[in-house]
Structure formats: C-alpha cells, structure tokens
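Shared chain: chain A. Partners: chain B in the first complex, chain C in the second.
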Partner chain A sequence: MKTRGLYFSSYVLWLIFFVLAPVALILYQSFIGINGHFTIDNYENFFKVSAYLQMTFNSVLYAALITLITLLVSYPTAYFLTKTKYKQLWLMLVILPTWINILLKAYAFIGIFSQSGPANNFLEWIGLGSHQLLFTNASFMLVAAYIQLPFMILPIFNAIDDLDESLINVSHDLGANGFQTFWNVTFPLTLNGIKSGVQVVFIPSLSLFMLTRLIGGNKVITLGTAIEENFLVTQDWGMGSTIGVILIVTMILIMFLTGEKKRRRR
Partner chain B sequence: MVESIITFRNVTKKYKDTVILENINFELKKGRFYTLLGPSGCGKTTTLSLIAGFTDESSGDILMNGQKINHIPANKRKINTVFQDYALFPHLNVFDNIAFGLKIKKKSKNEINEKVTEALKMVRLPGFGDREISEMSGGQKQRVAIARALVNEPEVLLLDEPLSALDMKLRKEMQYELRELQKRLGITFIFVTHDQEEALAMSDEIFVMNHGEIIQRGTPTAIYDEPLNKFVADFIGESNIIEGTMIADGKVKFVGKTFECVDGGMNANELIEVVLRPEDIEVTESQKGKVVGTVISQLFRGVHYEIVCTDIDGNEWKIRSTKKVEVGASVGLNFEPEAIHIMRANESEAEFYQRLEKYQGS
Partner chain C sequence: MNNKKGHIGRNIYLVFVFLVLYLPIFYLIFYSFNSSGGMNHFSHFTWNNYKEIWADQRLILITVQTFFLAFLSSLLATIIGTSGALGIYSVKNRQIRTLILGLNNILLVSPDVIIGSSFLIFFTVLGINLGFTSVLLSHIAFSIPIVVLMVLPKLQEMNSSFINAAQDLGANQWEILKGVILPTITPGIIAGYFMAFTYSLDDFAVTFFVTGNGFETLSVEIYSRARQGISLEINALSALMFLFSLVLVIGYYFISRDSPKTNRREKKMHQDLIR
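After this line comes the complex of A and B, so read on.
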C-alpha cells in the first residue's frame, strides 16, 4: 500500500503543480483589475465590449468550420484506411506529421502559399493565374484542418475498425444494400468515434493563435489571439485570464455536450 | 417427390492456396432440417457463407430453386442467417432489431408492428420490444436473433452454431424449440454445429464434414449405426474401434475369435475395422461373455457408468452400463451380431452405400 502511494504521489504532485495551480492562478488573476485590486470588472467588460463577443463568436465559428472540414475529410479517409491491406502502415503515415512541430508545419505552408510558392505556380500552370493565398481565411482553415486531421482520423479509424464484421453481414443478410448498411449500421455505431474526434479537434481549435497570425494574417481575431495580446502586448493579465477562464468553461461545456450520454429509452 | 431448394454443383472454395471446400455436391430438399456437422475448420461455416452470399465460390455453381444464384448478392437472396454471436445491433432495441429487415423493405408501419409482435410471440418473448439488447440474457438474445431472421419470411434459414454460447439446459430447450419451429413453419433449416448430440437430436439429415469435404450424409440413425469410417465413428458418439478380418459374409474375426455379424459384400479375408458402440456392449459374468476383460476404471456419469476394460490381448473396451461393477474384477462382455459395424479402409461414401444396398438386397 505504501509503495503504491509513493508511485501515485508523483502524479498527484504533477497534477497540483501543472494543472490545478495554473488554473487556480488564472481564476485568481481574472478577478484582478488593471489597477491591481479585486474586482469583477474584467467579466463585466467581456460581456459588454462588443469586440470580445465578436471574438468569441469568431472563435466558435472558425473552430466549428475547421472541425467540419476535418470531419468531412477524415471519415471517408478512415473508412477506406480500415479496408486497406496494410492499414496499420497507412495509419502510421497519417499520424507521422504530428511528430513535426506545429510551427515548422506553419512555416512550410507559408512557403507553399506564398506569391512564388508551389501552390501559385500550379495555379498559373493550369491557367488560373497567381492569387493572394496567404493571409486569407480559406488558407487559415485549410492549414488548421490539415494540422488537426490525424486527431480526427485516429478515433474514427478505431471506431470503424472495432465494428463487428458480422453486424455488416447481418445487415446485408436482412436485405440492406451498401448505402443502407452504412446509414443504418456503420454510421450510428461509429458515432462515438466521431464525437471524440470532434472533441479533440474543436476544443484546441477554439484557442488557436499561432496559425491565425502566421497563416491567417491576423484577419481573424480569435480568443486565443486575444489572450496572447492581453498577456504580452497590453500586459492586462486580468483580462487575459478572464478570457482564459471563459475558454475553459466553454471547453468543459462542449465536453459535456459531446460526451457519452445514456441512450434515451422509448 | 419433394422439390429441391439449394443445390451445390462441384463447388470449390480456395483462399489463396488453401483449399477450404473441395468439390462439394449436394441437393437440399424443401422444408427439411439439415445439419452440417464437423470439427472446427472443416468448412461447414464456409458452406453456410456461400449459401448466404457473404463469400464467393472459387468455382462451381450454387442453385436456389433451380436458378443459379452465384452472382446474386446476399441482400437479394431469400435466405436469412442466425449468427453464432447473435450479431444483434447494439444501437437498436429489440423491436427495431427485429424490424430492421422490414424497414429496409419499406413496409408500412402497421405491417411492421403486426409482424414484429407476431415474431416476438413466436419466440416466446411477447412484450420485450422496448428492451435494450444489453438488458437481454444470452438465451433471450438468441431468440431475438431468430425472430429477426424469421420475420423476413425466408425460404431458407441458416443457423451458424446458434446454441454454442448457451448453457447445457438452455441448449437442450432451444433444440426442442428450434425443431418445433422448423416443423411448424415448414421452411428449410440449415444448421451448422460441431456438437454431435445436437445434430443427432434435431436433424432430418446430417452431413458430416472434415477437411473441406463431405465425408458421409444420411439420417441421424443411419450415420450413427453405420459410420463410414473411423473419423465418422469417432466424431459421432464414442466407439470402440478394433482391427479385424472379414472371413466371409456374416462372419468376422477380431480379438482372436470369430463372431457372427450382419455385414458383408467384402472380399474374403479382407482386413477391416470393427466398430462397437459402448452402449451396445453388455456386462455379464465372465463365463457367459463373448470376450473376457478386466475392469480398469469406472466412472459414474449420472444415467450410466462409464467402464473401461482390457481383454487378454490388451485391447481397451469402453462400455456404458447401468450396472455397477468392481474395479479389477474379471467380467464377460456380450454383444449382438447387429451391434458389430464393419468399416472398410478408404471406402468412399458412394461405394459404401452401393455395397450396403447390394448385400442387404440379395
């Protein structure tokens, strides 16, 4: 019993110093005004100033769009991956890009999307001419979706791979064709994979700030950007913390909404 | 003459270089209960998959009602399957599981309600429609799977070891119920099992399979009483297999003695194997027995004792007796001429039945 407590203590210490303490600090900071006194002004500001509300709306909207794009690409990809012969190898190739630092990937895309980059070269070659690709909302979402892709594919792949083959056979046996089988059996039974995929993609997408600057050219100001600005530029730690708290609450809310619910009984 | 419903013509199934089914031929008649019996890996489940349409044959033809169905996909065949692990949809409740096939066929709500209710009644689960699958016991899940298949009114019902996950008592009960159901509905059942007792209890006809071939086919009694070879004899119930010589028609020599038997049609002095079922051997006093043996072990099995004896030549004899004996005692073993079954080496099924007919007919 004693040794077990010892092993466990390292985790508890980690939890206290690197999870609970920071959250407590943020919560404390969020009640400190610009002049250093305890106040709820920060929260009042957040819900009064339209810029913050606009940012919140933008964050949710873009996170939702990124999640949707990722999902639309991931589901078919995961589906066909499970049908391939060397599926573990293919899956590995999908996961491989996550080993590369996000900043490096962002810089790579700056190169690809730049005025004289390969993307524009290709457009010119097929006769569409050169365009401003970098610093657009479209390129921001595309790169964000690209970076999140593996995190969506993985849970969906697992869900489809775990699906009992005989359930598909039963469905055919009972007269369903390929599409009917997918819609009535495969899709509802892999919904949990989709849910966890959405969770892992949507929540981090809410607070993206590196990509909004490097790829999106700061045209979209999300909550992530606002936090960074408040901490590093305007040095208003209280306001930054407030936005942080609001983000955390939003995340908890979303996890709660997409979490596994007990199926309703008829 | 009953019409045939499923016919296999020279059906072979290979997976890469492994032959799973080798040149299978059979004709199944409408409204009968067939069992494919064999050890695991004998090709019985593959045969079922071919009939259902989940796998394609490598060569040969599969016919249903005289029409080739090789290229008809599973969802277009009037055949339904009850799977070994039930394969009930976990995201649907009992009602929706059973209604699945009817909904796919776009039947009206009233018709679906009516048929599902009827199907639930048929498998003795009335009022269970609202239950979740996770709330059902193994036996109940089994019934739901059967109802889900039968509600589509198939011409053939395939059952892939459907009782193997149930406990002994429930299994016995379901055997009766399935047989009853098949007789009542009059549709063809094709049942796959490795349990010989199950096969003997339920079937009109049994196909004994091994290594991708049908070894012997026949009614339960025919297969039990006249096993074609050592494999069938061993697989269908327990048996004593002893090497012997056929002296002449009706005379066989084994354990150094000549006995009267009812078999024949073989060459004189041909080496054969004799099958004696444990329950056909009677234990008497040592002077009265045809063979004298010493009891080496006795096991109480409830209904009977399982006794093992050795004779003077060292042959082991398995005996089932309701009478108790003393371990170490010298006993006599008696058996009727009808209890002696003769098996020839390498005799094919066709040759076997031909000889049987010829000898018994003359």
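After this line comes the complex of A and C, so read on.
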C-alpha cells in the first residue's frame, strides 16, 4: 500500500498537532507558576487552599445531582418510548432539541425563571409565592438537566430496544411478576445503556461554564467555570491548566467507573 | 383493564416529558412575536423583531461568518477525516488500530473547556493570531474524529472482493479508490460532513476560548447579548435557527435512511461514539 502514506499524512499531522500536543501543553502549563518558572506551586495551592477543594467537591456533587435527575426522568421515558408505535419518530423528536444551540436554550430559561416569568407565575398560582429563581445553584442544575436529558434518553432507549423480548416472556412464564422481571432481567441487561448515559451527562456537567455564568449567577461553582475564569479573566494559565488536569483526571476516573469490561473483547 | 390503565399513565408521562423538552423552545419563539420588550407579558403580535434582525448589519455579518466557517471547516474536516478513515482501514495490525482509534476519540470525549484552553495554549505557543484562523483550525480539529467514526463503518462493511476483482482487472490504487471505495462510503462521508457542520454551528465554548476580538460567531454573540439581559431580537433569531435545525434534521434523516441495513450499525456506532 504505497498510497497509505498519502492518505494518512494529514490525519497523522492532526493527531500530533491537535490531539497529542494540546494534551502535552496543558500538562506542561500546569507546572508553570505566575512568575513563569517551572514549579509545583499550582498543585500545592490547589490541594492547600480549601476554596479549590470545596469548589471541586461541589462541582462533582452538582454533576452527580444533574446526572441523577436526568437518569430518573430518562429511564421511564426511554422505557415507555420503546413501547410506542412509531418509536423511531418519537426518538427523533427527543433528539431534535439537541440540535438547537445550547445558548438559546439557556437564554429561554433566563426568561422562564425571571422575577415575573412563567415559573414564578406558576408558583404563585399554586400558592407558594414568587421567589428569586434565577442565579441560584438549583436553577443551574435544572437547566443543565434539561439540556442533558436527550443525551441520557438516547443510550437507554437503544439498550432497552435491543433487549431480547423473549427473555421477558421467559421470565413471565417462569412466574416472575412485573417488578421482579424488571429488577432481575430488564434492568441488569440495560445497565450498559445507563452507564453510557451517565458518562455523556456527567462529564459535560463538570464543565458547562456558560450555564453557570448565565443561569447560576457570576459565581465560580464548577471546574469548567474555574478554568474559564483562570484562562480568560485572571489570565493565570498555570492555575487554569492545573484545574484542567484535575478535570481530566476526574473524567478518566468516571470513564473507568462507567466503562464496560466487555469492550476489551473487540 | 389493568393494561389499559397502564397505557394511559404511560402516555401522560410521555406527554409531560415532551412538554418539558419543547415548552422552553416554543416559549422563546412565541415571545419573538411580542411587541413589548420582555418575555413575561405578551401585548400584541408583531414582525418587528424579525425586521430588526434584517436591519442589524452586524448580526447579519456574524451569521454569514458563522455559516462560512461551518461550511469551510466541515469540508476540510471531511477530507482529512475520510483520509484518516482510509488510513486506519489499511492498518492491519490490530493493536495499532485500536491505539489510533483511541487517540481519535480523545477530542470527542474531552470537555469543551479542556479543548478550548489547550488549543489556546497551543496557538499562543505557535504564535498564531487569535481570530478567524485559530477558530477555523479548532473547528476542523474537533470535527475530524466524528467524520472518521462515520466513514470507518462503511469501509468495514465494504465487500473486499470488489477490491480484489478490481485489482485482478488491472485497476491501479487510484482507480480502485475512485471507482470502488469512494462510491461505497459516500453515505458515510455525507453523514460525517453533516455532523461536522452541526458541530461547528453549535460550538460555543471552544470558539469562546480561541477567538480574539476580531472574529465572532453566532454562539459567542448570543452569549454576550444574553449576559446583558433579554432582547427579543435573540428570540426572533432563535425561531429562525429552530427552523433551520428542523431542515437539517429532516435532511439528515433522509440521508441516513438510505439503506435499512446500515441503520442498525449506525445506531450501534452512535452508542459507541458517545461512550
């Protein structure tokens, strides 16, 4: 295959310059202090200053809550969708909102959660009175969950849809009731769908800085916001890269926890 | 009887989920026709917000720039990604192949802030000015892996006896590529181009990091306007973008339903891809 070199060169250049080099650079930059020298100060700071640790912990906690909310809504949705007629059409309609720019969706919630917006009108109507909804951590989590919802439904839908119907029938024939069948057959066999859903929701939830800026108020409450703050506001790239490395490590941990052992086979 | 009740509960739940998914979008679009300035009180119907977009030179320029960027970056990403897929396909060593595919997927799973910040360091080290060039290079870079993932399965599905037959009939490498391989993988290439195009249109975070003052995309513009509060011009813009996404989705739907056989594989691949 003489032509292989020709095909490949542009792609290999991309791998070197836009995949390997940036990873290496962010790792290198994380060891550069404010004065421009090679140092481990950034890491020392990160683990000594309680604000950083607190922020990291909160970010992981928020991401976990966002993932939990989307999972709880998505599983029944995916399950019911597989039972409908024209399920592929309904699935398309679930995916359609993901094609709409995330900033427009966030912007919609600026209106919905505003002082006299529909959310507050609803709260007043059911007698709870109006509240400050915008710029709270709760509203950040709800909007993030809203945006991530389709990404959770999709893999779970595929997992349930791929499930062999005869297994369910066998389970019923052997005398299991609906719940037993679900818990012992359906749920374990669709666990991989849940895992990939958790992965695609959890990781972006750590880093959605535009949502925390627009909806969560101007607080630094996620790893992503902290990175943006350091890179684009305070211009401390060293510290920003250090938090970036922490984010990458967290991401790898999550992928390890939600990865499938089965995949090795391929 | 019991079954019937279950159906009703099921449908109510699904209706609720679809309402949650779509109400915010329709809420935006609804108020784009509002004549008073906010998103709380609808006074009366007007097209004024749309006319405002039409009169807004800056916004139109940014829209044109955004689409130009998307067309160009996805075209280049499709070329490089397709060559990459052909290259990966020709690597026979399984371990090397897995390694390359692993590297290929790094940008797909990385959070946007990581891509954005590491590219920012990269461009600064190389001395590339932040602006159109850096944004274009970034968009090409993060679109390549999805093209590879769209094209590679088509290559693997290809019947290799066609290639052998072509070889036996005396075709050279280039003729095989042009006459046998490319026609077979065209649906994958088109799907890859589509995905790359939407990736580019949708991106905010990476662009936000690597763009200087001179170049703006719609996402960045919407972000800076939204930070200043509500302006119904954005609502009108979102209505137009919603219509455009609808057209894209329908287009993509017709492309991807070409052959029912590949649909299943693609679904599987989508799953692999987001893992």
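We adopt the following convention: the second predicted complex is superposed on the first by the 246 of 266 C-alpha atoms of A that agree within 3 Å, B and C clash if a C-alpha of one lies under 4 Å from a C-alpha of the other, contacts with A are read in each partner's own complex, and residues count from 1 in each chain.
Throughout what follows, a residue touches a chain if its C-beta (ideal position, glycine included) is under 8 Å from a C-beta of that chain, and two chains touch if they have at least 3 such contacts.
Since the structure is predicted, the reported quantities are computational estimates derived from the model, not experimental observations.
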Partner chain in contact with A:L61 - chain B first, chain C second, else both or neither: neither
Contacts of A:N158 with chain B and chain C, given as first, second, both or neither: second
Touched partner set for A:S10, first chain B, second chain C, both or neither: second
Comparing the two partners chain B and chain C, which touches a greater set of residues in chain A: C
Touched partner set for A:L174, first chain B, second chain C, both or neither: first
Chain B versus chain C as contact partner of A:L257, first or second or both or neither: neither
Which of chain B and chain C A:F109 touches, first, second, both or neither: second
Partner chain(s) touched by A:L53 [first = chain B, second = chain C, both, neither]: neither
Interfacial residue positions of chain B with respect to chain A in the complex: 52-54, 73-76, 79-81, 83, 85, 87, 89-91, 93, 100-101, 104-105, 130, 132, 148-149, 152
Residue ranges of chain A in contact with chain B within the complex: 164, 166-167, 169-177, 180, 184-185, 188-189, 263, 265-266
Chain C - residues contacting chain A, complex: 10-11, 13-14, 17-18, 20-22, 24-25, 27-28, 31, 38-41, 79-81, 83-84, 86-87, 90, 100, 103-104, 106-107, 109-122, 125, 137, 141, 144, 148, 173-174, 177, 198, 201-202, 204-205, 208-209, 218-219, 222-223, 226-227, 229-230, 234, 237-238, 241-242, 245-246, 248-249, 253, 267, 270-271, 274-275
Sites on chain A touched by chain C in the complex: 1-4, 6-8, 10-12, 14-15, 17-23, 25-26, 29, 73, 76-77, 80-81, 83-84, 90, 92-97, 99-112, 114, 116-118, 146, 149-151, 154-155, 158, 193, 196, 199-200, 203-204, 206-207, 209-210, 213-214, 223-224, 227-228, 231-232, 237, 240-241, 244, 247-248, 251, 255, 259-260
